[in-house]
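Next up, some structures in structure tokens.
Same chain, two partners: chain A is paired with chain B first, then with chain C.
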Partner chain A sequence: MKIVVPFKSVPDPYAGPGAAAKSVVNPFDEIAIEEALRIRERGEATEIVGVTIGPATVDEQIRSALAMGVDRALRIDDSRALDPYAVARILRALVAKEAPQLVLMGKQAVDDDSNQVGQMLAGLLGWPQATFISKIEFLENKTRAQCTRETDGGLEVIVVNLPAIVTTDLRLNEPRYVSLPGLMKARKKPIEVLTCEQLGVTVQPLTTTLSTARPPKRAAGTRVESVEELMVKLKQEAKVL
Partner chain B sequence: MDFSWSDQQRELLDAVDRFAKEQLAYDMIENDRHAVFNHDAWMKCAGFGIHGLLVSEEYGGLGQDPITTVAALERLGYGCKDNGLLFSINAHMWTAIIPLVYNGSEAQKKKFLPGLCDGSIIGGNAMSEPNSGSDAFSLATTAVKKGDKYILNGSKIFVTNGPIADVLLVFAVTDKSKGASGLSAFLVEKDSPGLDLTHKIEKMGVRTSPMGEVFFTDCEVPAENLLGKEGAGSWLFTRSMTWERGCILAASVGTMQRLFETCIRYANERKQGGQAIGKFQQVAGKIVDMKMRIENSRHMLYQCAWAAGHRKAIYLEAAMAKLQISESWVKCCEDAIQIHGGYGYMVEYEVERELRDAIGSKLYSGTSEIQRNIIASLIGL
Partner chain C sequence: MAATLVLIEHDRQQVKRPSLHAITLARQLGGEYALLVLGHGLDAIAASLVSCGASAVIVADDAALAEPLADRYAAVIAQAAQKYGAKTLIGSSSTFSKDILPRAAALLDAPMVTDVLALEEVNGERAYRRPTSAGSMLATVKIEGDRCVLTARATAFEAPAADAAPCPIERFDFDPASLPNGMQFISREQRASDRPDLTEARVVVSGGRPLQDPETFERLVGGLADALGGAVGATRAAVDAGMAPNDYQVGQTGKVVAPELYIAMGISGAIQHLAGIKDSRIIVAINKDPDAPIFQMATYGLVGDLHQLVPQLIEAVRRG
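Entry: the complex of A and B
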């Protein structure tokens, strides 16, 4: 079985305030990579192909993915800010090129929280989808996958025919760390760079970002001396009582 | 000398930073109190690639050069507060792996190096004896050849990793009449008949690094475990000791850097007399001196590793780096306690432990006095 894992480079969500934001592999995608590695280690997959879209600067995150154990990587050279539909269309062309039995990807990217690419990709390909999974097992000689989904109401177990799109939730696994031997092996693994033209897709963003704004600054709180004073303030100033 | 990092080195060092921060940031107070060796962290570090940094790939290592290796250890010291674990790793690398890399036969390297790199074999070095410390070659432990074995008798003291070791590099007298040229080195495996590794020694600092006494009672060592030639022990010791001196305190430079940053934060936060204590000249001066010591230490460490990587003799550089870093480390820790006031003296603040951990560095791998002797003799005194 061949697994394609699309991943996105995002600003490090764990960087402290004021720290220069380094880019990292989107944490949900890291979980997808980890799951693909575990599937391969169980002997159920033979090849893991990582794919990403971005300029050469994302090669650093590609190397992290390769260092974790992804076999090879493809980068679509495009530095535009693409919306989910454009990303899904590019990925559709890549899936057509690679013909995997499974596409494993994060349920969303932590920078824009769109949570749409997996679903759109499944729609474009006409493939089944299992989203927000916390467990995956293969059935019937790997022709189907049984996935446990985390929903608001509880756990839902579904079976999808392969090939399918599967998106990962937080509790699926804990990704391994990049080891130095992995890093050194990654230097020898190929990164293939393609353009949208070479893939035969033209994408235009359907959405435009008009403006971005910081959340309003919160005024500093005040200390009150007594419960009575608090009640007065809640009634008269905050007007919440 | 150019100490700027290539992209590959930077990538490697960033990975060490991240690894230390994410995998080695465990609580230390209890482990220190109860002298707990963290075997899980040992295996993590080995799996991550630390132990084998300097070993070539064919024996399971990463084939890095000395300067990348010491810089990686420095990052590890910055991110990991378990100075004892780092000391155990360093003893393993510089006093067991290095002698094997340079003096091991092909068979010995094949047998031990892959396990020493992946962490499954723990190594150590047994030179010091109750009556042989700074005067290192005045050993009493003997090794007598009998057929295809050597029979060892005697005892060793202060053996780092001794109680947990799978293999120890042991120095013993094979020919008393030849003095220093009558010493030989043996790879003694833990299950050797007549070997007793069970005597633990409790110490002031680096408490999470196990240390023990080792006893040999007609201890049988196969002749093929002789490292180098018979009589080559003192030469071999001097060679590996030079590496040890130059590099064993690499992590401490990172430790000092972390301590320095802690002090800056504290000096900016703590207010007395209506101002941050960092605004008092005497407090600021201590932190400035700390910065000077750290930069000097790092420079000497890199200079030594750079020279070693360029196959230059490093006797002088190694002794200077050892002296500079150990004395800086102790002084930084003392100053850090002073800056933290009473809090610095309390266990909870985790500064006092740093001082206890640092003090041993003026003793092992040759005391400060011995380093000064070496430097004096090399500069013509």
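Entry: the complex of A and C
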């Protein structure tokens, strides 16, 4: 089985306030990479192809994916501000070229928080999808996958025919740390660079971010010294009890 | 014909209240809107929707739609949007909509905006405000073309009044045999609870890692929630530690809540958690660390040991 793992480079969401955020592999995509590695380590996958879209500056995050153990890495060279639908259309061309049995990716990127690309890609390809998964097992000689999904109402189990698009939630696994020798080895691995033109895809983003702003800050309120004082505040000041 | 279709979510028994809030976004957009419900055995649910001011309640009712499988649901939704000439498709921000609507958007060749908080106008053109980066930024987004798919943050839009003259219920006919067949429903976790739904409750009590174990979590967080008639939430850390089920998680990747009263117990205030609570009207924080970031945004902060304070609070609430 061949697995394609699309991933995005995002500002480190765990960088402290004020710190210049370095870029990292989107944490949900890192979980997808980890799961692909575990599937390969159990002997159920033969090749893992990592793919990202961006200018050469994202090569750093491609090295991280290679250091984790991805077999082969591709970068689709495009430095435009793409929207999820544009990304999905580019990935459709890439998936058509690579013909994997499974596309495994994060459920959302933690910078944009859109949670769209996997589902759009599945729709464009006409493939089954299993979103927000916390568990995956292969059935019937890897022709189907049983997935546990995290939904608002609790856990749900579905079976999807392969090939399929699967998007990962937080509790699927704990990604491994990249070892120094792994990182050294990754420096020597080639990164294949493709253009949208080479993939035969022309896309224009249909959504544009006009501006961004910080939301109004919630003012800190008052400290209370006791449960009694809290009860008085909740009843008389907030009138919520 | 309807300019906008609003996808309504239900649990087979009744409509999910937050999904009605998306109707308010449809009203703000202007033009006629119809409600779209998919499932099997929908007569009572459809009947409960006729007074929401829509031009029609469109019902796709078939055994093939008994479970919300994304491939089938997206196909039927796209067919309905085409048949009714709807340019805009709206759902509320839930795992149901987030699973199905992006797929429908791709089938309709339309862009999508997730988690709309408000409509804006920029240089005479419509734009949409939405949160990014765990709510630490607000983006104003414009769409090219006349078609789009939106999800509305239920906490950002009021529930619509349900006092309009009843609208017709229309059956949407489609060919079940033509639907995709690559996904199969196996099971859903069933957990009986007398507590209100987390995203609909007037009061939410949440706990973090210091609650230690499921028993303590239930006794203190559950106990206070029950005394207040509220719902129970949890941080990612508490869920990861096995103290609470996954769907109790509040925050960037869990649920977004905006109750009248949110009580955070033993929660330090990671940005990912704060993203899910900051529109609550009153936030109470109880934490033994006086420097915990949660105190920066809490309406009332109480520093101390929650194992001592929370039983006192439960007792005080019970006394009234």
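The rule is short, and it goes like this: the second predicted complex is superposed on the first by the 216 of 241 C-alpha atoms of A that agree within 3 Å, B and C clash if a C-alpha of one lies under 4 Å from a C-alpha of the other, contacts with A are read in each partner's own complex, and residues count from 1 in each chain.
The rule is simple: contacts are C-beta pairs under 8 Å (C-beta built on N, C-alpha and C of every residue); 3 or more make two chains touch, one makes a residue touch a chain.
As the structure is a prediction and not an experimental result, all values here were calculated from the model.
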Contacts of A:179 with chain B and chain C, given as first, second, both or neither: first
Partner chain(s) touched by A:209 [first = chain B, second = chain C, both, neither]: second
First (chain B), second (chain C), both or neither touched by A:96: neither
Touched partner set for A:153, first chain B, second chain C, both or neither: second
Which superposed partner A:221 touches (first chain B, second chain C, both, neither): second
Per-residue contact with chain A, leading partner among chain C and chain B: C
Touching partner for A:56 - first (chain B), second (chain C), both, neither: neither
Intersection of the chain A residues that touch chain B with those that touch chain C: none
Chain C to chain A touching residues, read off their complex: 11, 69-71, 74, 94-96, 98-107, 110-115, 122, 127, 131-145, 180, 182-191, 199, 203, 228, 236, 239-240, 245-247, 252-253, 255, 260-261, 271-272, 278, 281-284, 295-303, 309, 312-313, 316-317
Touching residues (chain side chain A, partner chain C) in the complex: 11, 13, 83-85, 88, 107-108, 110-124, 126-132, 134, 146, 149-161, 164, 169-171, 204, 206-215, 217-228, 230-231, 233-234, 238, 240-241
Touch list for chain B against partner chain A, complex: 8, 11-12, 15-16, 18-19, 22-23, 47-50, 53, 62, 72
Chain B contact footprint on chain A (complex, rising order): 60, 63, 67, 177-181, 183-184, 187
